[in-house]
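Shared between the two complexes below is chain A, which has chain B as its partner in the first and chain C in the second.
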Partner chain A sequence: MPSGIDFLSQGINGIVLGLLFSLIAIGFTLMLGVIGIINFAHGVLFALGAYFAFTLRNSLGFWAALIISPLLVGLIGIIIERLAVRRMYGKDALFCLLLTFGIAMSGEELIRMVWGKLGHSIAAPAFVSGSIDLGFMLYSKYRLLLAVLSALILFLVWLFLEKTSYGAIVKAGAQDSEMVAALGNNISRMRTLVFGIGSALAGVAGVIAAPLWSVRPGMGNDAIMPAFVIVVLGGIGSFWGTVIGGLAVGLSVSLAVMFFPRMSDLVMYILAAVVLLFWPRGIMGEKSILED
Partner chain B sequence: MRRFLKLPFVWMFLFFLVLPYLLPLIKGYTALASEILIYAMFALGFNLLLSYTGLASFGHAAFFGIGAYAMALTQLKLSDDLWLGLLMGMVAAGFFAGIVGAIICRKRGIYFSLLTLAFSQMFFFIAFRWDEVTGGETGLTGLRRPPLRLPGLPAVSLTEPMAFYLFALAVFMVVMILIWRLVHSPFGSVLQSIKQNEVRAKYLGYNTVFYKWVSFTISGIISGLAGAMFLLQQDAVFPTYLNWTESGNVVMVTIMGGGVVNFFGPILGAGIFVILQNAIGAYTEHWLLILGLIFIAIIMVIPEGILGLFKRTKTVQQ
Partner chain C sequence: MLVVDKINSFYEEAHVLFDVSLEIEKGEVVSLLGRNGAGKTTTVKSIMGMVRPHSGSIRFKGKEILGWQPYLIAREGIGLVPDERRIFGNLTVEKNLEVGRRPERRGEWTMGKVYQHFPQLKKLKDRKGENLSGGEQQMLAIARTLLGNPDLILMDEPTEGLAPIIVEEVMRIIRELKETGITILIIEESSTLALSISERCYMMDTGKVVYSGMASELLENPERRLALLGM
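Right, the complex of A and B next:
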């Protein structure tokens, strides 16, 4: 039986992981809620963020990479939206899903061609290497930084959505885009922007996840699947649903490692299935246009 | 009799009879032809759900994989019989499709797709981690093709590629005709009405959730049969059969061929997919890049698929 300290340390791990998962999922759910598309390429954008950071960190350092990589990924997102995704608006959601599936497939292969098949481990930046004494246990400094950064970025997203007038337009666009357009807002530009922001959020998650998970071409799959589950758990397009869903996934994965280490990959899917039996639209989900 | 022997079926049968002799022209081989048939069966079963019921499953590789594992486990633990193995593949896939379907058939649209994906990942990780039964990451290998036994006839060995191909062709024809009969039956009409307008179908008194569940389960059974056949073809099964990328491939193959507008679309898609995979794979190890780009191009340029170009909509929308 694991001791109390084990529980505590795995619990903290779970929260750290949960914040990272929430950050991964927030861009994904934003695109789904506001534009109404499933972006299968989210995982590849996450991986690109990590790989850009891997390349940039040597010359520019951690902080510069943390800013520049997501911007690059956001730019790539905007290009993808302008060239391809926007042609799918108004069609069956399946087409956009398949389009981004194709993008994810070739994107992963491109990463393999540019950076090689093998993975690379990335050291945590020097100022957070090693561990910190929390009084009752030692804990990795980088994991704490990761948690703080994830929470901070999530807070910025919340500020944008709740406290800025453009955020209000974005949220309104999710409800009734025709009305928002009729009121004189440029819906087309808004969608491009949301796609760009969502991509940049995937990228920034990749940058801070890289020292924890190391970089490899298939790493996008480790991001896209939790994002799916969290959206199902928390409810489509819901900010707080995503945070709660992310923490639930992080905690359940970490705690499962103690009891059934081999089944820890499985536990988040079981969690999603159980939650759906009681909350058909996820914990914070409201009736969505996506169900039609 | 004429209702069963529609002309396209005769032409298709004749085409597939000569296919193994045509493939060498493009550096193919007989086993590749068998793969096309098996993949076409899988895609036809999937399309029953996608184009006739209007449900986009993104987790169908799970049922394909379950069928393959069930066949393998039957052979390893129970009996070497060909028919029993195929039956177990269908039963196992149908059983799990029935359970998953019961949970998710009330869901609609993207939500349905997300859930099929989540459930298929569950099966993937079970296959990946449950070493004692599924062999874990390395899968189950070294299986063999049992001989074909028919009552009153001597057993026929299927180890020769051509013998197995003809067996696969027979199974394929039966499955295709059954699906054709199904979608052109009153049951099929109800499914299409659900696709067109579920609320209206419900008001007409149809238990639409039940119909969707039956369609999901049948589709799972056919996928399981295809998986079991694929096991015979490969003599091995790996967890990657259940991977979500495989689920995505079958959706893409169905759309690419034009399954949404034509009953035979998935067969064309499967043929192109298997041949392309083989052809590009021979030139570059980065064939996924090319395949991905082809997928992107098809969705952007001809979203209704290749047969959609000919607009033969009569088979789906009567």
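Right, the complex of A and C next:
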């Protein structure tokens, strides 16, 4: 039987992982809630963030990579939206699903061409290497930094959505974009911006996750599947639903490792299935853009 | 101010507006009446750019706006108070108003003036749109549009589904707006109230304009009005 300390340390691991999962999912749910598209390319944008950081960190250092990589990924997102995704608006959701699936696959191949087939491990930056003594256990300093950064970025997203005028337009657009436009707001530009922000958020999650998970061409799949599950769990387009969903997935994965290590990959899907039995729109879900 | 000239609009394949023409002068209050399905809301949506007419012309302040995107039409100075109010339920009253704010269209309507004019909204400013009563939502829909400082307001069934006492309150507000010199097109099914504050009136039936004239004429002749409405 695992001891109390095991529970505590896996619990902390679960929260740390959960915050990272929430960060991965927040951009995905923003695009889904506001633009109404399922972006399968979210995982490859996450991977690009990690690879850009992998390249940039040697010359520019961790903090510069943390800023520049997401900006580059955001820019790529904007280009993808302008050139391809916007042609799918107003059409059957399947078109966009296929399109972004194609982008995800070609993106992954592109990563293989540029950075090679093999994975690379990335060391945590020097100032957070090693462990910190929490009194009852030693804990990785990088994981703590990861949790703080994820929470901080999530907080910034919350500030943007709740406290700025443009955030109000974005939230209103998730509910009734035609009316938002009739009040004089440029919806087309807003969608581009939201796609860019969502991509940049995927990118920043990739930068932060890289030292934890190492970089591999297929790492996007480690991001897209949890993002999917979290959005289903938390409810489409809901900020708090995404945070709760992320923490639930993080905790359930970490705790499952103690009891059934081989089940840990499966447990989030079971969790999602059980939640959906009781809340078909997810825990915090309301009627969404997809139900019209 | 607005000249709609022989527009023909479609929903998918269905032809719903047939050569609809109407004119609104600056400072006028005009009503557009007709039964459900007569094409009133489609006319409004065509003016606003939400439905694109296949032919005809819509000129606003001398500019051809047919084919423009809705947000550009709004920025040009046409404000919509839509059918069923379309309040953003997930936003507070204050945030709803912010979505309607157009700082680049300078004018007398500011947050301060709106709250002064609609004290009830100030009291409710932190409440979510979905938790307002129908009357409160209607006030909010009007205030939200006013914040864009439009030259012309299209009000689609502003009294629909409201209790009589609230209807009077809405009409009082429209009268006050009229006194400030703003141009208004009111769309109603058949309302003596709408006629009583309008100078002129149009009536539609099955996608066509079947009457245009002085509002007083129809007010004094209820039988004619019912006949035109096909009732």
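Following the convention adopted for this analysis, the second predicted complex is superposed on the first by the 290 of 292 C-alpha atoms of A that agree within 3 Å, B and C clash if a C-alpha of one lies under 4 Å from a C-alpha of the other, contacts with A are read in each partner's own complex, and residues count from 1 in each chain.
Note that in this section a residue touches a chain if its C-beta (ideal position, glycine included) is under 8 Å from a C-beta of that chain, and two chains touch if they have at least 3 such contacts.
As the structure is a prediction and not an experimental result, all values here were calculated from the model.
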* Sticking to the clash and touch definitions up top, decide whether chain B and chain C on chain A clash or fit. => fit
* To do: Using the touch criterion from the header, give the chain among chain B and chain C with more contacted residues in chain A.
  => B
* To do: Please indicate which partner A:151 is in contact with in the superposed arrangement: first for chain B, second for chain C, both, or neither.
  => neither
* To do: Examine A:165 and indicate which partner it touches, taking first as chain B and second as chain C; both and neither are also allowed.
  => second
* With the two structures laid over each other on chain A, which partner does A:132 touch: chain B (first), chain C (second), both, or neither? -> neither
* Does the superposition put A:176 against chain B (first), chain C (second), both, or neither? -> second
* Asked: Is A:104 contacted by the first partner chain B, the second partner chain C, both or neither?
  -> first
* Looking at the overlay, does A:186 come into contact with chain B only (first), chain C only (second), both, or neither? -> second
* Structure fact -> Reported in degrees to the nearest 10, the CA-centre angle with chain A in the middle and chain B, chain C at the ends is 90
* Could you tell me if A:225 is touching chain B, chain C, both of them or neither one (first, second, both, neither)? => first
* In Å, how small is the closest CA gap from chain B to chain C once the two complexes are overlaid? -> 15
* Structure fact -> Seen from chain A, its contact residues with chain C in the complex are 165, 168-169, 171-172, 174-176, 178-188, 286
* Mind listing the chain B positions that touch chain A in their complex? => 56, 58, 103, 106-111, 113-115, 117-119, 121-122, 125-126, 128-130, 244-245, 248, 251-252, 255, 286, 288-296, 299-300, 303
* Footprint of chain A on chain C - complex, ascending -> 48, 50, 69-71, 74-75, 79-80, 82, 86, 88-91, 95-96, 98-102, 105, 144-145, 148
* Structure fact -> As the complex stands, chain A meets chain B at residues 32, 38, 40, 84, 87-88, 91, 93-95, 97-99, 101-110, 112-113, 221, 225, 228-229, 231-232, 236, 262-263, 265-266, 269-270, 272-273, 276-277, 280-281, 288, 290-292
